[in-house]
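I'd like to ask you about the structure that follows.
In order of appearance the chains are A, B, C, D, E and F, and numbering begins at 1 in each one.
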Amino acid sequence: MRPEGRSAQQVRPITLTRNYTKHAEGAVLVEFGETKVLCTATIEEGVPRFLKGQGQGWITAEYGMLPRSTHTRNPREAAKGKQGGRTLEIQRLIARSLRAAVDLTQLGEFTITLDCDVLQADGGTRTASITGACVALADALNKLVADGKLKQNPMKCMVAAVSVGIVGGEAVCDLEYVEDSAAETDMNVVMTDDGRMIEVQGTAEGEPFTHEELLSLLALARQGIDTIIKAQKAVLGQ
Amino acid sequence: MRPEGRSAQQVRPITLTRNYTKHAEGAVLVEFGETKVLCTATIEEGVPRFLKGQGQGWITAEYGMLPRSTHTRNPREAAKGKQGGRTLEIQRLIARSLRAAVDLTQLGEFTITLDCDVLQADGGTRTASITGACVALADALNKLVADGKLKQNPMKCMVAAVSVGIVGGEAVCDLEYVEDSAAETDMNVVMTDDGRMIEVQGTAEGEPFTHEELLSLLALARQGIDTIIKAQKAVLGQ
Amino acid sequence: MRPEGRSAQQVRPITLTRNYTKHAEGAVLVEFGETKVLCTATIEEGVPRFLKGQGQGWITAEYGMLPRSTHTRNPREAAKGKQGGRTLEIQRLIARSLRAAVDLTQLGEFTITLDCDVLQADGGTRTASITGACVALADALNKLVADGKLKQNPMKCMVAAVSVGIVGGEAVCDLEYVEDSAAETDMNVVMTDDGRMIEVQGTAEGEPFTHEELLSLLALARQGIDTIIKAQKAVLGQ
Amino acid sequence: MRPEGRSAQQVRPITLTRNYTKHAEGAVLVEFGETKVLCTATIEEGVPRFLKGQGQGWITAEYGMLPRSTHTRNPREAAKGKQGGRTLEIQRLIARSLRAAVDLTQLGEFTITLDCDVLQADGGTRTASITGACVALADALNKLVADGKLKQNPMKCMVAAVSVGIVGGEAVCDLEYVEDSAAETDMNVVMTDDGRMIEVQGTAEGEPFTHEELLSLLALARQGIDTIIKAQKAVLGQ
Amino acid sequence: MRPEGRSAQQVRPITLTRNYTKHAEGAVLVEFGETKVLCTATIEEGVPRFLKGQGQGWITAEYGMLPRSTHTRNPREAAKGKQGGRTLEIQRLIARSLRAAVDLTQLGEFTITLDCDVLQADGGTRTASITGACVALADALNKLVADGKLKQNPMKCMVAAVSVGIVGGEAVCDLEYVEDSAAETDMNVVMTDDGRMIEVQGTAEGEPFTHEELLSLLALARQGIDTIIKAQKAVLGQ
Amino acid sequence: MRPEGRSAQQVRPITLTRNYTKHAEGAVLVEFGETKVLCTATIEEGVPRFLKGQGQGWITAEYGMLPRSTHTRNPREAAKGKQGGRTLEIQRLIARSLRAAVDLTQLGEFTITLDCDVLQADGGTRTASITGACVALADALNKLVADGKLKQNPMKCMVAAVSVGIVGGEAVCDLEYVEDSAAETDMNVVMTDDGRMIEVQGTAEGEPFTHEELLSLLALARQGIDTIIKAQKAVLGQ
C-alpha cells in the first residue's frame, strides 16, 4: 500500500502556478504533492562564447535546494564554496532536457537560464524541476514573440519528467521521499508530448534490475508523463 | 508622492505566514509589500567549538537571494563559489539582531540557524528577513519548550527592523526598490518591542546627512517598527 | 560503414593489463581501442564518517583526464581549482557501479578508492573506466583475502560497461570519438555478469528516441558487455 | 577610570606619518594610540566595467590584518583562500566613506585603491583606517593635479572616523581593545569636516541601547572627530 | 651499497618513449628506473597577455602526480581544489628550465604547454620531467617547422636534469625514493648539453653542507647529465 | 658602477629593529636598504598532526607582500582567493631555512610560525625575510626559556641569507630591484654562522651559467652573509 492510498501508476497531485514571482520572464511554482520547486526563466541577450556568431540561441539551467527544504538542514552550497556533484548532475540534466524542447537555431542570439530552486523537498525534485521549467520556458518564449523579438516561437514540444522505481518489489510511479529512500531501483524518465524519450536514467540502488523490470518502469513512466503533460497544457491554456 | 500613495511614515502591508514549508522547526514567509523572504529556523544539537562546554546556546544566520528574485538575474553565489560581501554583511546583521532577542545562557547547548532566502526583492530584504526570522525563531523556541527540551522559553523580546531614508529631500519609512535606489540617505534600524535599539546603520549614498535628519529618520523607524511588531505579535497570537 | 570496418555490434579490441604500476593494490591499464585509462584501487583502513561503527566497508571513485589525453588540450582541473560537472558525474557513476559488485557488509571497515585516469581518450572513457576499475578492484580484494585481512572475498559479481548509440540512424555498440560526437542518441549501460542492469543512462543528443530504438540499444549493450566480461575473466584467470 | 587616565571624551594620541613607504601615490601610517595601520593610495588608469565611458572615476578599498597584529595569531586570509565577512564589511565601509569625500565626476577615468593593512591592532582599526586613508587619498589627488593629469582637485572635504561606545555604563570615545571587548554598545561614526555624517553604525553587544544613549554617543563622536580632522589638516599643512 | 648495486655516480636506466600517446604534438614517456612520467607538449596559437604583440612565443609547464603514483595514496589536487606548494614549485622549475632551451623570439606567437604527469614515482620525478619534457618539446618544435609554421627551429640546446645528494655520508647521483627519503642533502641540477647550468637547487635536509660537498655533488651531476643527454639525443636520432 | 656607488661585494645597509610591534613573541623589522619586511614569530602550543606524540616541535612560515609594497600594485592574494606559486615557494624556503637553525627535538610540542610581510620591496625580500625571521625566532625561543617553558634553548646557530647574481657580466652581492630585474643569473644562498650552506638556489634568467661563475657567486655570498650575521648578533647583544 502506497502513502495516501495511491495506486502504483498514480502520480501525486500536480500543481503549476504561473507568475509566482514578478521579475522573471517565466516564473512557475511546480508542486508534485509536497515537493515544491520555484522555476524561473530569464532571457538575456547574447550567447556563450562557443556559440558566438552562429545566429543561434542557448538554454542553460541551475538547480539549488534551500538549506531547510529537507528533513534535516543541508549546508548552503554558497557557504561551502562549491556546488556538489548531485547539484551539477541535476542541473546538467535539466538543461539538456529543455534544450530538446526548443529549436535553438530559431531562438536568435538569446540565452535562457532556467533556475530551479527547491523550496520543499519530498522526492522527485529533479523531475518536478524539468516539468516546471518547461512551463516557465514556454512563458518566456511567448514573451519573446509577443515583444516582437522573435518572429515565430521556437518551441518544438512540451517536455515533462517523472521518477519511477521498484519499491518493496513493486514498480511504482512518481516516488515520494519515503518511497525513494527505500527503492531498490530508481529511474528518471524525460519525455516529449509525443511519447519519445529525451533521457532515461535508471540506477540499481540495491540489487541489479532485469530487462523485464526496466520495461515495466518505462510503461509506468509513459503513463505518468501523459498525465503531467496534460497538466502543463491545461495551465498554459493549450 | 510615494508609490501606491503611501504617506511618509507608512510601512507597506506586512504579511507573516507561519508554517510556509513543512520540515523546519520554524518556517515563515514574510512579505513587506512585494518583498518576499522565506525564513526558516533549524534547531541542531551542539554548539560551535568556541562555546563548547559552557552550557549555553548559539544563534546564527544565513542569507541568500534566488538568482531571479531581482529585476535582472544575479549570478548564483553557489556557482560563483563564494558569498559576496553584501551577503556576508547582511547575514552577520541578522544573526546579531536575533541573538539580542534570546538569553543564550538559557538556550542549552542548541544551535539555531536562521536561513533567510529572498524569493522576490523589492527593497528592504534585510529588514524583512530580521522581522520574519524573529517569528520563525519564536516558533522554534516554543517547539523546544513543547518537546520538553527546554524548561523555560529563553526569548527575551520580539525584534523587528525597518529601513528609513531620505528620498527627494523627504524622510520616509520602509523604502521600496524605486525609493531605495534613489535615496540620498539610507538607514536600517533594528529594535526590540520596548523601543530600544539593537542596530542602527545609516549611510549617506549622496550628500552627508545632518544630526536633524538622523533624528527624523529614527523617529520614523520607531513608529514603523511599532506597527511591524504588532503584526508579529498578532500572527503569534500574543 | 564504421571506422576500421567494425560491424554495428562489434566492440573495439579490449585489453586489460594488470599491475601496470607497482604501488597500488590493484593497477589496471584498460584499453578500448585507442581509449586508454589507468585504473588503480587503493585500500585504506577506516570508513567515511556516515558509516563509522557499522562494521561495513565503502567503495568510492575519482576520475580525471590528463590535460592532453584529448584532441585539443583541456585545462587541468587542479589548476582551475575545481572538478567540472562532467567529471563529478562520471566518478559518481563509477563508484555506484562498483559498489554494486561488492557485498559491503562483508568488506570490513576498509575504504577502497578507485582512481580512473584517462591517458588517451577516444570515446567511451567512462565505460572503459568501470570495466578496468572492476579488475583493479578484484585484485585489491584478492589481496585483502591473501593478506588475511578478510576471511572471504566480498565480491559478488563482475561488472562491466559499454556505450551504445544511434549514429546516422543505425544503432551501434562501443562508440569511438568520431561516432560519439555524431551520435543522435548516446547510452551507457552497466551490467553484471548475469545480464542484469546496474545503470542505464540514455540521452537524446538530437531527436528524442523511441521505445523501439531503446530496445535495440539495450540488446547491443548486452551483447557487447558479454564480450567485455569475458575479457575481464580471462585476464583474471577465472 | 579609563586606561592611561583618559577622560571619557578624549581620543588617543593620533599620529599620521606621510610617505611611510615609497612606491605608492599616497602612503600614510596612522596611529590611534597603539593601533597602527598602513594606508596606501594607488592610482590606476581606467575604471570598473560598470562605469566605463561615463568620464568619471572610482574609489575602492581593501583591508587586511597582518596575522600577528593581534593578541593571538589570526590565520592569514590568503592562506585560508578567502576574506572573512568582517574584512569584507570593513573594506566596503572604508570605500563608501572615502567616495563621499570626492566628486567622482571630477576624478577622470582613474581608479584609486586604498589599501589599509593593520600592522598592530588595539581597537578602532576601521576608524583609524578611514582616517589614514583620507590623508593618503589627499596626497594621491594632489599628485594627480601636480602631474597635470587633473586640472582641479576633486576632493570635497576631509573625512574621519571614530568609535564610541558604552563601557561599564559610561559613554566613552575612541575605545581601545580592552574597552572594546567589554563594551555593551559599540558605534562607529564617519563624518566630514563640516560635522555631517557619512556613516553611523551602532550595535548593541549586550543590552539594547536607548535613544538618549545614542544621542550621547553621537555627541562624543562629533567632538572626537573634530580633534582627528585637526590632526589630518595639520599633517597636510592645511 | 646502493640499491640494485649501482655505483655512486651511476644513473638508473633511462628510457624515453616518443609518441606514447597520440593526440599531443609531443608525447614522451620518460623512465628513470621505476619513476615514470608522461610528458606531453601542446602547441597553441597566441601568447599570454603580457607578451601580446611582441612577436615572441612562450613556454609554460604543469605538473601533477596521479593519486596512486606513490606508496600511499595522495589526495587528488583537483578534488582538493588547489595545487599544493610543491606542485607549483616544480612546475615553475620545469617551465624555467625549458624556456632556457629555446629562443623565444624565434618561436612566433605560439604557446607551448608541457604537461608532466607522474604515473609512478620512485624519486627524481622533477628531474625526469624536465628530461622528458625536453624531448617532447623537440618533437613539437620539429612539427612546427615541418608544418611550415616556423621557418627555422628555435631550439638552442638540449636540457636535462638529475638529482644528486648525500646519503649516509656519501655523494650519489640520481637518487631513488629510499635514498631520497634518507638524504642529508638533496640537490637538483639542470644543465644544457654544453655543460652550463640553468638551475641549481641544493637543500640541507639534515645538517648543513660544506663547500666541498657542494663541489662533489656538482661533479656527479655533470657526469649524470652527460649520460642523460646522450639518451635524449639517441632517441631523437641526433 | 652599482647604484649608490656600492662595490660588487658590498651588502646594503642592514637594519634589524626588535619589538617593532607589541603582540608577537618576536617582532623584527628587517631592512636591507629600501627593502623592509616585518617578521613576527608566534608560539602556539601543539604540533601538526604528523608530529603528534613525538615530543618534538615544529617551525613553519608564511610570506606575503602588501599590495603596494611594489612599484605597481599587486592584487591582494586574500582577495584573489589563493596564494601564488612564488609566495608558496618563498614561504617553504623560509620555513626550511629556519628549521635548520633549531634542534626540533629540544623544542617541546610547540609550533612557531614565522610571518614575513613585506612592507616595501626593493629586491631581496626572501633573503631579508630569512634574516629577520631568524632574529624574531631567537627572541621567541629566549622567551620560552625565560618563561620556564623550555629548560634549554634549542637554537643551534644563526641563519642568514643573501642574494647574489650576475649583472652586466659582473658578479655582485645583495641585488636591489634594478639589478635583480636585469640579472642574467640570480642566486639565493642561506648559510649558518659557521659558513655551511642550508640552501643554494641558482637560476639562469638569460644565458646558462658556468661552473666558474657559480664559484664566484658562492664566494660573494659567503662574505655578504658574514656581514649580515654580524648585524644579527649585534642586535641580539651576542
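Please note the rule applied: contacts are C-beta pairs under 8 Å (C-beta built on N, C-alpha and C of every residue); 3 or more make two chains touch, one makes a residue touch a chain.
Which protein is which chain? UniProt says A, B, C, D, E, F = Ribonuclease PH.
Everything numeric in this text was worked out from a predicted model, so none of it was measured.
Think of each touching pair as a link: the shortest run of links from subunit C (Ribonuclease PH) to subunit D (Ribonuclease PH) has 3 of them.
Hopping across touching chains, the smallest step count from subunit A (Ribonuclease PH) to subunit D (Ribonuclease PH) is 2.
When the partners of subunit A (Ribonuclease PH) are compared with those of subunit F (Ribonuclease PH), no chain appears in both lists. Listed options B-D, A-C or A-B contain a single repeat of the C-E interface, assigned here to A-B, on the basis that more than half of the contact pairs agree by residue number. Chain centres here are means of the Cα atoms, and by that rule the chain farthest away from subunit A (Ribonuclease PH) is F.
Bringing subunit B (Ribonuclease PH) onto subunit F (Ribonuclease PH) by least-squares fit of CA atoms involves turning it by 120°, to the nearest 5. Centroids of subunit C (Ribonuclease PH) and subunit F (Ribonuclease PH) (each the mean of its C-alpha atoms) stand 50 Å apart. Each chain gets one centre point, the mean of its Cα atoms, and the points for subunit E (Ribonuclease PH) and subunit F (Ribonuclease PH) are 28 Å apart.
Subunit F (Ribonuclease PH) has its Cα centroid 33 Å from the Cα centroid of subunit D (Ribonuclease PH). Across the assembly, subunit E (Ribonuclease PH) contributes 81-82 as residues in contact with two or more other chains.
Round the ring, the chains follow in the order A, C, E, F, D, B when counting starts at subunit A (Ribonuclease PH) and proceeds to subunit C (Ribonuclease PH).
Only residues 82, 84-86, 88-89, 91-92, 96, 100, 187, 191-192, 194-204, 207-211, 214, 218 of subunit F (Ribonuclease PH) touch subunit E (Ribonuclease PH) when the two sit together in their complex. Residue ranges of subunit F (Ribonuclease PH) in contact with subunit D (Ribonuclease PH), taken from their complex: 21-24, 27, 34, 36, 38, 40, 42, 44, 62, 64, 66-71, 73, 76-83, 87, 113, 115, 117, 119-121.
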